[in-house]
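In what follows, structures are represented as C-alpha cells.
The same chain A turns up in both complexes below, where it pairs with chain B and then with chain C.
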Partner chain A sequence: MDRKTTQIRRHRRKVTMKYRALAGLFIAASTTLVAWAAVRGTGDLGIIIERTSGSITVVETTQHTVLGRIPGLGDLSHASAVFSRDTRYAYVFGRDGGLTKIDLLEQKISHRVIQAGNSIGGAISQDGRLIAVSNYEPGGVRVFDSETLQPVADIPAIHGAGDAVSRVVGLVDAPGNRFVFSLFDAGEIWIADFSDRDNPEILKLTGAGNQPYDALITPDGRYYIAGLFGEDGLALVDLWQPQQGIRRILPDYGRGEEKLPVYKMPHLEGWAAAGDHLFVPAVGRHEVIAINRHDWSEAQRIPVHGQPVFVMARPDGRHLWVNFALPDNDTVQVIDASTMAVVHELKPGKGVLHMEFTPRGEAVWVSVRDTDRVNVYDTGSFRQITAIDVEKPSGIFFTARAHMTGL
Partner chain B sequence: MLIACSAQAENGPELQRQQQLQQMVLHDCGACHGMSLKGGLGPALTPAMLEGKSDDLLVEVILGGRENTAMPPWNSLLNASEATWIVKQLKSGAIGAK
Partner chain C sequence: MDRKTTQIRRHRRKVTMKYRALAGLFIAASTTLVAWAAVRGTGDLGIIIERTSGSITVVETTQHTVLGRIPGLGDLSHASAVFSRDTRYAYVFGRDGGLTKIDLLEQKISHRVIQAGNSIGGAISQDGRLIAVSNYEPGGVRVFDSETLQPVADIPAIHGAGDAVSRVVGLVDAPGNRFVFSLFDAGEIWIADFSDRDNPEILKLTGAGNQPYDALITPDGRYYIAGLFGEDGLALVDLWQPQQGIRRILPDYGRGEEKLPVYKMPHLEGWAAAGDHLFVPAVGRHEVIAINRHDWSEAQRIPVHGQPVFVMARPDGRHLWVNFALPDNDTVQVIDASTMAVVHELKPGKGVLHMEFTPRGEAVWVSVRDTDRVNVYDTGSFRQITAIDVEKPSGIFFTARAHMTGL
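Let's look at the complex of A and B:
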C-alpha cells in the first residue's frame, strides 16, 4: 500500500464517523427537541412568588431575565420555598396547605398535594429526601418524600395535659437529618430526628417563652433561636446538646419600654452573621439588635426607620439590608456590620416585601408589591441595575439556598 | 359636586379610599388573617366567623388592637368611619374569601 491510498482511506473513515455522529445528534434532537435546546445549569435560577395570582415566575440572575411563569399553585399569600439539592426542583409551601414541586428546567408542576388547611412554611432535610411542612391547621408538622410527595410522617403539635393543638412556626432543617420547630401556642421547641426515617424520634423542650413567632438556625446548624412575640427576649437551643434544654437570651431587652404597634410580624429566616455578631429585628421597636455570638449578650441596638421585617446579610456579611412593616414598607435601609450604622437608604416603592441576594452577593433583588416590579440593585454602588415586571411579587428564592442549612 | 361629596362622607370613605382600604384588608390584614381572610396567625374574618359579633366591638378591636395578642391598633392608619366600613365589608363577605 503506498502512502497516498492510506491517506485517502484515513480520510474516508473520518468522514463516515463524522456523518454517524451527526446522524446521532439529529435523532437525539428530534426526539427530545425541547429539552435538548434548553440544556442549561440551574445554579443561577430562582423563583418569585406572585401573591395574588397563585403563580410563580421563574427567573435567572445572570442576564436578569424571566424564563417562565407557572400558574395553579393556590393561595400564595404567605408562601415560601426550598430547593432540591440538585437545584432542579423547587418546593413551594402555600398558605392553603398546598405543597407544590416544580421542575425549574421544564417549567411545570411535577407534583402537588394539599396536605393541610392552613400552613406557614417548610424545610428540606439534610439528605434532601424529606420535605417537612409546618401547619397552623391542623397544628403540627407533616413530612413527605421529596421525590413523590407521598406522606412519611405526621407530627400533631399536641401539648399539655389535654388535647390542645398548637400552631407550628419556625421550622428549619438541622444536621443529623433533624427538623426543629416551635409551638406558637405552647411555647415549646421540638426536635424531630429522622436519621431513621421510618422511626422518627421527637424531643420536646418546654419553656421557650410566650408565643415564639419565628426562628432561625445558625449557618453551621448548631444553634436554633426562636423570637418571642409575647414577651421580651429569645429562646436558644444548642443542637449539639439539645438535652440541656432551652436557654433564654436577652431577657431584659427593652424591659419596661412601651412597645410600638407591629403591623407585620418580623421574620428571622434571613439570619445575619458578620464577625462576632448576629443581627435580628426587634419586636415593637424600631431597632435591629446585634447579639454577641460568644456569650449571647446584647451588643448594640441599631436605630432604624421602622419596624424591621427582614434583616438580610449580604453573603459576605459586610452589609445588612433591612425592610420594614407598614407604614414604612416603601423603604429599605443598609447597615454596615462593622460600624453598626445605617449607610444607605432606598425608596423602591410601596410594599417592599422581600429581598434576596445573588449567590455571591453582587446584586440584590427586591420585590415591590404595589409597583408590580422586582428591582435589581448593585450591592456595591446601590444603583439600580434593572427591574422585572412581576404581578404583586412577594418572596424571592434563589437556588443557592439548596446548599445552606436552614434555608 | 359638593353635595355628592358630603353625601359620600356620611356613608363612609370615598370611592378611591374604599379601593385603598380593600387592598389594605387583603394585603396588610391578610398578612396575619390570610389573604382570603380564612385565618392565619389571626382568626378567620369570614362572615360566618363574625356573625353575631357587634359592629362596635369589632371596630373597637380594629382601632384599638387587642392587648397581649398580635392584633395591633390601627387607629393611626384608620379612622372610625373607615373601620366601620371594613367591618361591614367583612360581615357581608364583599372582601375576602371567594
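Let's look at the complex of A and C:
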C-alpha cells in the first residue's frame, strides 16, 4: 500500500466518520422527537369524525386538546369507530366500505382496505383479534384480522330460496367472541360465533319482523334489541339463551298508524341503560320512552323538546343526555333518571350531531356541526369547560370503548 | 501555529469526532430502545403485586407477557392500586404508608412519598386529579395531587368529644369528585366532596354500626355498603341522597351468635354485581350470599367449597369466580349467576390470593402465591391459556380500572 492510498483512505475514513457523527446525532434527535411525540398513555385519547373532509381529529380528554389530524379516510358520513384492546389503534368504518386502522400514537393511517361498496358500521371481537363490518352493498358481513386487516371470513347473508344477499345492520360484538347482526331484507338476526376463528358457527334466527334497521346490545352483553323500520315493535334476543329465538317486545314502539313524519330515524346505539330502565328515543314523537328492564314493558313516556336522536346515559346512570333531529338540532336536554323529568337544557348551536362522555362521566363532549366546534361540558355543573375547533364534527369516540361490550 | 500543534489539534479533532460518532450512535441506539420500549398503547397493561419482595411486575394482557419488574415499593402486604386516567401511571398503596406512582411505559418509579405510618388502600378522583389514601396510623385520609404527589388536603377523622383520630377503611371514589370512607373506631361514614378542590366539603354520617372494616361501591357509583366487624348487618348509603343517612341492611350478615372461626375476613371490594343481585362472601360460612338489589333483602345462600374471600363477577355478569380462605385456598369455584349453582371448579395450586378479569372478560388472571405463578384462564372454556412466573404474586390490577368508578 503506497502513501497516497493511505492518505485517501484516511480522508475517506474521516469523512465517513464525520457523516456517521452527523447521522448518529440526526438519528438521535429524530428518534427522540418521535419518542416525545409518541410516548404517552392512550387511555384518555379519542377521535372525532370530520364528516365532510374525510378526516379524523385525534384528541385527549385530560387537558381537552387536539393532538393531530389525519386525512384520507374517504366518505365518513355515518362513520363509526372501535378501538384495539391496547387502545393504541382506532378502526374507522366509512360509508364507502373503507375500513381504516389508525395509529393514534404515530398519528397516521396504519392499514386501510376498501372492503365493500357501502357499509354501515362494525365491531371488534371480545378478544380484540377480529374486526367485523356490516355491509349494504354487496350485503353480508366481512371479518378481518385486527392486526393486518387481512380477510378472515366472509358471511354473505344469503336468505330465502334464491341467492339474494341481505343488507346487514345493527352489528355488535357479544361475549364469547360472537358477532350479532340483523338482516334488513330478510327480517332475521344472526349470531356468528368465532370462538374457533377458523370455523365460525352461525346461528340464524328468523321472524325478527319487517326491516330491522339498527340494534343495540345491553352493556352486560346479554340482550340484543333491534328496531324495525317496516313495522312497530322491537325484536329481542337473549344471548344467554339464543336457541329460544326472537321475542317481540314493546308493540307500540315505532311510527304507529299515523305514519308521523320522521326527520331522522333514532340511533339505537344511543339507547341508554340506567338503573332499572332502558331509555329509548321515540320514533317521530317528542318523547323519550323508559322501558322496564325486567319485563320489557313500557314504563313511562317523558316529554322532550323535539324528536330525539341519541339518548345517552351518563356513565353513572343518573342523567340522560338527549339530542334532537331537525328543526330542533340546536338543543340538548338532560333527564334525571330517577324522577324522569328534564332537569336542564343547553343550546350548544345548530347541528348537534353526537355526544360522548368521558369514561367516568365527569365531562361530555358535544359535536356542533354548524359552528365547527366540539363543546366540552362539566356534567355536574353543566358549565362549559372549553370548545375545540373541529371541521364539521360528527361522531366522537373515546378509547375507553375498547373495554366495553358492544361499543 | 506550528506544525506540532496542528497535528495535535487534528488528532484531537479526530478523536473528538470518533467519540462524537460513537456517542451519537449510542444516543441513537439507546433512544431508539427507550422509544421501542415505551411507544405502545397502555390499555392492555397491568401490574401484579409481589408481596414479599416489595416489587411489582408489569404485564400486558394481549400476548400475556411480563414487560418488566420494578422494585423498591416497601411493604406491599395488602397493597392495592389505582390508575391515572391516561392509563400510563399506577398508584400503589403500600401497607407501610408508602404511596408510589409508577410509570408503566418507562417502567420506573416516577414519584414516591411515605404519607403515613400504616395505610389500607386508596382511590383516585373521578377527574383523575386527586389521590386519596386511608390510614390506620395516624388515622384519617390524606389527599394528594395525582401529578406531583404534593399534599392537597388532610382529613384527620377526628370523632367524638376529644381529639381521637379514627382509623379509616373502605375508601372509594364516587361520582362528583367525591371520596367516601368509613371510620373504624367511630362507626361513621364520611363523604368528602372535592368538586371545589381547595374547599372540600365533608358530610359526616353517624350510626354505621360497630367497627366498619371494609366497603364497596356499586359499579354505577350510587350505593356505598360497609361491612361490620363488631356486629352483624351491613351499612348502606345512597349517594344520590346522602342526606337520608345510613340504612342498616341484611341483619343476618356476619359471624352471628355462634362466633364462627373466621380464617380471613372477606374482601368487600370483591363483591359482585350481576343482573338483579349482588353476590357477597359470607363471613365464616361456606356460602356465597345473593342479595336482591331492589330491596336489599337476602335472596339466596349458595353453598361453596370453603370460606369465600373474593367473589368476582365476570364483566358480563354471567359467572362469578370465588376463591377461599385457608385451608381451601388452593381452589377456585365458578357460579352461574342465573342458576346460582357452582358450574366449575379449578385447583390452581396453594395460595390463590387474587383474581382479575381482562376488561371484556375473555380471560381471568389468578395469583397462585405458593407456586410463584399467575395462571391465565379462558373464561369461556376454562382452559388454562398460560402461566406467568411472578414471585409470590398477590393483587392483580389492570389499567382498565382507570375508567371504572370505585376501582
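General remarks:
Just so it is clear, the second predicted complex is superposed on the first by the 364 of 407 C-alpha atoms of A that agree within 3 Å, B and C clash if a C-alpha of one lies under 4 Å from a C-alpha of the other, contacts with A are read in each partner's own complex, and residues count from 1 in each chain.
As a convention for this text, a contact is a pair of C-beta atoms (placed from the backbone, for glycine too) under 8 Å apart; a residue touches a chain by one contact, two chains touch by 3 or more.
Computed from a predicted model, the values in this text were never measured in an experiment.
Legend: residue contacts after superposition of the two complexes on their common chain; A:G176 is shown touching chain C, with no touch to chain B. By the document's definition of touching, of the two partners only chain B reaches A:R51; chain C does not. Applying the stated contact rule after C-alpha superposition, one finds that A:P315 touches chain C and leaves chain B untouched. Once the two complexes are laid over each other on the shared chain, residue contacts for A:M265 go to chain B alone; chain C is not touched. Between chain B and chain C, the partner in contact with more residues of chain A is C.
When both complexes are overlaid on chain A, the residue A:F229 reaches chain B alone and has no touch with chain C. Applying the stated contact rule after C-alpha superposition, one finds that A:E147 touches neither chain B nor chain C. The intersection of chain A residues touching chain B with those touching chain C, taken from the two complexes, is empty. Contacts from chain A toward chain B in the complex involve residues 51-52, 75, 77-78, 95-96, 118, 120, 136-137, 167, 184, 211, 213, 229-230, 261-265, 326-327, 351, 369. The touching residues of chain B, when paired with chain A in their complex, are 26-28, 30-32, 34-36, 38-41, 65, 68, 70, 72-74, 76-77. By the touch criterion stated above, chain C contacts chain A in their complex at residues 14, 17-18, 20-28, 31-32, 34-35, 38-44, 60-62, 83-89, 104-106, 126-128, 175-177, 195, 220-222, 240, 275-276, 294, 315-318, 338, 358-362, 380-381, 399-400, 402-405.
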